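Think of it as A, B and C in the order they're written, each chain with its own count starting at 1.
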């Protein structure tokens, strides 16, 4: 088993090179089996960073595996996170039915702090329900009931220029707004409204909760701004174009 | 290791914590030991919901543990995700030093698809670099354009000379850097850090987002400049004084 | 994880040699005009160009054979001039400063080698040392910029977990305090959308006291006086100046006018009186023509 490790992660990454991606062969994509941890780890890597639950079909397409293989890897991971050994004979079968209740035979490890859940046909990793209280306390720590000035200004720009990408809001405000946009989304004040057909960037718009808080019926009721303010036309979008 | 847990962590956490839970009841908190997976899993559960690097102090406060315990749990998880066994005798010691490079004994499992990294002063979970191509297909975020040579050079000067004015950066690069500085600010890599008391010029410094993107803990970890600068200490004051 | 300077792949920074260093490529297709022009813009500044030229000739920075490099540098600048409008003045000036220094140095080399005695020689030596010191410094930054670039790319291969808060946690967040009326909110938007003024680069003048004097205004005043046709001496033109600042402003204004070919100068004797006469037709010039550079300055 030791053979799988010697790959110093640094070196390997370099070999693959930053631009190995685009032209890395039309047909396949990376050979999963040659990567440390194989297909299972690749699937984990994806599950760990996706925000929206992903369907087995989408995962299979992205990983270049069959849906069947993905299904059984998902089941395997789910069991493993729940504290069952991977190689328990009944692994696959059991996981289909008793996902979370556990304590039948086959489990001999402590469960992880996260779990893999299948919600409405898609899979995503969540923090384990048992720790909800602790996690909730951590999340609340330092949270305020007030929006920061930066958040308010960002919200104002989005409200008046929606739908708009983060890059444009950044260009208007002159600072990076990624984390503020995340806060506003979390607060339910703005939401994803699809992607820009040209740049592929996510566009944001205000929500009905925002209207509620403002006490207005629609964004058309927002007070008019002075007509002299620049629109979005002149704003250079720095994510595209290699002009910097 | 578990023996370290029970000792009244509250007081300690409060000392250290940012503003450790004013509202977090007197000595309540769920009993970690009674939960499946214990403190280790609780820490994992918290790592699942953070959206920026979390410091051991903040984690300790949220989990009601001492910073020492959190530090060693983090090191343990890091090793484990990298494919070492948890119980290898040298687990804790080795992990302190050889975060990622390791290839000592004790490893007997495949690495996971994700890794736990200490960056910009905090800990956070990342997908493993080997799976970049696959994961990149699922994550739009972070697919930002590359920096141009001009932007990289400007960023380098600011990183090594911060806080620094645009005029000084211009002097070193020999060209006007205003628009490049604007772009770097919009991308969140540098920020305004006040004005020079003498000249009134705005000074710039790198952000913690820059550290995150570089995967380092602080600017002190940037490679030394001096090997590239043979015997030129003091030179920049010389010409700066002359030409600005 | 710290960047390892020793890492060979990281250390192998952008090869200067790779940078197309030939302004007029005798080598291959670069000889064609369009290719040539595209390649010109690959340098990010005069130092970059100079480094490119030096490494093209495989010279040590500290002992460069200046004449070859100088000639190519000048050629390059000519090429840039041909590029025309994209070539901004403040960029050009840095190139020109360096070209001038290089030319000086080349000229000094062409003279018979003598002892370094007079001040000019010493000044030249200093100029050379300074130029090379700056070049070395730039080279160092260019190298670490290469490292930063490759680290950023390497790091971009790792994606942080950064997921939206699960619904039941988001529900725990304290109810938002919202006290903004739609009007206040609109005010915020106005402020955020208003185009920002460029931040000052350098030199605050706030501590200097004195009434702001506008070069443009002074130019207009001078124009009105000279336009009548009678030549006036500089002395006469500044006779009513209430402060040195105004004198300076009028002098600058005259230079501007001269540049716009609105006035001409006569000076019969060295250090003698400077006579100014109007040369533009009387309606052909207005202070609006004045370049922007003085506009916002006090």
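Quick note on the criterion: a contact is a pair of C-beta atoms (placed from the backbone, for glycine too) under 8 Å apart; a residue touches a chain by one contact, two chains touch by 3 or more.
Predicted, not measured: the structure shown is a model, and the values here were computed from it.
Taken as a contact graph, the chains are fully connected, with every chain touching every other chain.
The innermost chain, defined by the distance from its C-alpha mean to the mean of all protein C-alpha atoms, is B. Ranked by how far their CA centres sit from the centre of chain A, the chains are topped by C.
When the C-beta pairs in contact are tallied for B-C and for A-C, the bigger tally goes to B-C. A straight line joining the Cα centres of chain A and chain B is 20 Å long.
Each chain gets a centre from the mean of its Cα atoms; for chain B and chain C, those two points are 36 Å apart. Chain centres here are Cα averages; for chain A and chain C they lie 43 Å apart.
Contact with two or more other chains is made by residues 4, 153-154, 156-157, 159-163, 165-166, 169 of chain C.
Shared interface positions of chain A, i.e. residues touching 2 or more other chains, are given as 10, 13, 16, 48-50, 126-127, 135, 139-140, 174, 182. Residues 1-5, 10, 14, 44-48, 88, 90-91, 94, 98, 130, 133-134, 136-149, 151-163, 165-166, 169, 198-204, 206 of chain C are the ones touching chain B in the complex.
Partner chain A is touched in their complex by these residues of chain C: 4, 7, 9, 150, 153-154, 156-157, 159-166, 168-170, 172-178, 180, 182-183, 185-186, 188-196. The touching residues of chain A, when paired with chain B in their complex, are 1-2, 4-10, 12-13, 16, 20-21, 24, 29-30, 32, 35-38, 40-50, 54, 58, 62-63, 83, 110-114, 125-128, 130-131, 133-135, 137-142, 170-171, 174-176, 178-179, 182, 195, 200, 202, 238-244.
Contact residues on chain A toward chain C in their complex (touch as defined above): 10, 13-14, 16, 18, 48-51, 124, 126-127, 132, 135-136, 139-140, 143-147, 152-154, 156-157, 159-161, 172-174, 182, 185-189, 213-216, 221-226, 229-230.
Of all the residues in chain B, the ones that touch chain C in their complex are 47-49, 51-52, 99-100, 114-115, 117, 124-129, 132, 135-136, 139, 141-142, 144, 146-150, 152-153, 155-157, 159-160, 165-167, 172-176, 178, 192, 195, 199-202, 212-217, 221-225, 227-230, 232, 235-236, 238-239, 244.
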